[in-house]
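Below you'll find the structure I mean.
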């Protein structure tokens, strides 16, 4: 536990250069999509464990909103952060983003209460995250 | 004029099957992006013709919002309407959408008051629109 | 089919002067309300054909949002596009808009899953659309 | 001052039955539009008294948002609260709402930094407020 | 009835100095939170009296949105209106706001269909309202 | 560089349990506020380095929106994540959140183009972040 908290502390000390508004400010971070996706998976798990109809209706509603946020954060990365040279270097990137945003839509977390769809979304975001940080260090 | 209004009437009589919410309802229409982009170009033209500072500030603000709407409508088409077979048949589609959404961002209509950028955005939407209707008739 | 696609092509070639932001940019188009209303009717039909409770909850939620969008687009036309001379020429216009926005509310598509309410909303929008284009050509 | 605070206390003790969501919950109150309009007028006054360009840009931006909120709150009253019998009894009501929402738009508070336009908007809301409370007591 | 309407008239004639945007315009009024909370309680009551599943789903959805608005209006008062001297004079204020916003969340009106939770929220807002008007008259 | 990227990799591998929606899902992370605040500071720096009036207007607008997001993310942590035992253990917490949200308002980043205000906001978020992770490990 102590090691992890140490790493976390170091991590927070790193002067990160991420960007996401459309000035652009140059600050981007796939963590925004990941946090919402973690929330989606947690909502799906809580839904499975609770049969109260009102609770379940709130879960459907909140999962819909959070899935929309995931789509938005990913779209912003795809359009605003990634440039032509990135798409050349990572030819799978267009398809990866298309599948990831679909995974937060009707055929994915929006249309499903199975936590497995939440995990699939998290896995796709992790793939994007890996490429993202590679490009930041290039 | 009469001919055009005749065509318009016919057009309105066509039972269109378009879709855009994420149920999905199956109703999509690039007209949503096009109408916002027409607004953007008109705002840019009005900005050029009016030196009042308050008017210009409102123009910058409204253009920012409308550009964001264009990006959103295009992202929805790219993720929710277009499927794997479309991307196979139109290999340029990913790049076209990426350039079109960039054309509504900081390097395009958000960051420019030149109506030429509004027209470039409209041209890219017209390319998407053409492909969209081809796929609907397939 | 070919004729329809021909008409559509011509239609898209028409340099339309429509407006809807509040600069104002001068770009208005009842198509914005119509597209959302088509979505509502499609959602109602899909709801009737699918008894899955989660699907139905999503349908209720999405129909609520789309109905709100219809109301908004119609309110914008009523306040921002139509002027005193229009209301003189079309004395039924106030009541038509009031009934159309009510038809997207609790007593209409928001409060009903019957596609007939979606169709009634589309019919009222079609009446508004007809008057709108008459005033554009005047 | 003591009398006013006394009245305020009494006022708060009145079990008001107002309604505004689209369930509908039956709770409406023109105070929502009035509070935003008071904010608009205050923003206009502060703008006139401060020549700092950044402050003025923020004022333009905030006034735009608050004006949009006024329009929204008034539209909700016009469509959701007022019914056919009200429009019969108050034949000026359609026009009053149309002028009031226009007064919060491009030709009114959105397009002007003159506090007089803020006051005109407040006066129109006061007219609506008067009719509203008459209908509540009927 | 006549006395109440008289008081209301007087009340409306009082030149109130309230403020809520972040210019800041200086216009604040706890009535904004109270109106939404009244709506929440009314929605809860209507839910209890109506077993139609679609109606109940809409009630859950609308109550969620209105609860979020209550939270937002209260947060704005806590951060933007109240200053250090207020917190010194009313040492319970931080805790009161924290409990009031929690009362509009998952453990309060968001997570409950019991009108008693709506009433608890209204009671907490009334406590805030009392302190607010005391500080306005100081 | 390699060490930092190593730490980052480890960090991403940690199964974080954070939560932020109001189901509640139990996923919270001060990183959401921090990312927006980093964006604010970057916008302030770009503003200082660019005298183009349109660019500056966009910077004012975007900084306003991002500051609002910071306030929202912090309010959510204060109301939804932190509970009575936390406030007992950290008696400064109420005041810290009140100052941090004020630091993103009119007296802080909303009302200033000086990057020093962006840094002050980041420092306050870092204090919150430190306490947050302590409570997570407790």
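Think of it as A, B, C, D, E and F in the order they're written, each chain with its own count starting at 1.
Here is the rule we go by: a contact is a pair of C-beta atoms (placed from the backbone, for glycine too) under 8 Å apart; a residue touches a chain by one contact, two chains touch by 3 or more.
A quick note: this is a predicted structure, and the numbers were derived from the prediction, not measured.
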Checklist outcome for this item: Going from chain D to chain F via touching chains takes a minimum number of steps equal to 1
Item to check | For chain D and chain E, chains touching each | outcome: C, F
Item to check | Interface residue overlap between copies chain B and chain F, same or different (over half shared) | outcome: different
Next on the checklist: Report the chain whose CA-based centre is farthest from the CA-based centre of chain A.
Outcome noted: D
Checklist entry - Is the C-beta contact count larger for A-E or for C-D? => result C-D
Checklist entry - Going by the average position of its CA atoms, which chain sits the greatest distance from chain B? => result E
Next on the checklist: Rounded to the nearest 5 degrees, how far is chain C rotated relative to chain E when their C-alpha atoms are superposed?
Outcome noted: 120
Checklist entry - For chain B and chain E, what's the span in angstrom between their mean Cα positions? => result 40
Checklist entry - How big is the gap, in whole Å, between where the Cα atoms of chain A centre and where those of chain C centre? => result 34
Item to check | chain B and chain C, separation of their C-alpha mean positions in angstrom | outcome: 18
Next on the checklist: Can you list every residue of chain C that touches 2 or more other chains, as numbers and ranges?
Outcome noted: 22-23, 55, 57-58, 61, 64, 110
Item to check | Pairwise chain contacts, counting only pairs that touch as defined | outcome: A-B, A-C, A-E, A-F, B-C, B-D, B-F, C-D, C-E, D-E, D-F, E-F
Checklist entry - Okay, in this complex, where on chain F does chain B touch? => result 54-55, 57-58, 61
Checklist entry - Taking the complex as given, what residues does chain B use to touch chain A? => result 22-24, 68, 71, 75, 78-80, 87, 94-95, 98, 101-102, 105-106, 110
Item to check | Residue ranges of chain A touching chain C (in the complex, touch as defined) | outcome: 56-57, 60-61, 64, 110-111, 113
Item to check | Of all residues in chain D, those that touch chain E in their complex | outcome: 1, 4-5, 7-8, 10-12, 14, 16, 18-23, 25-27, 29, 31-32, 35, 38-40, 42-43, 46, 55, 58-59, 62, 65-66, 126, 129, 133, 137
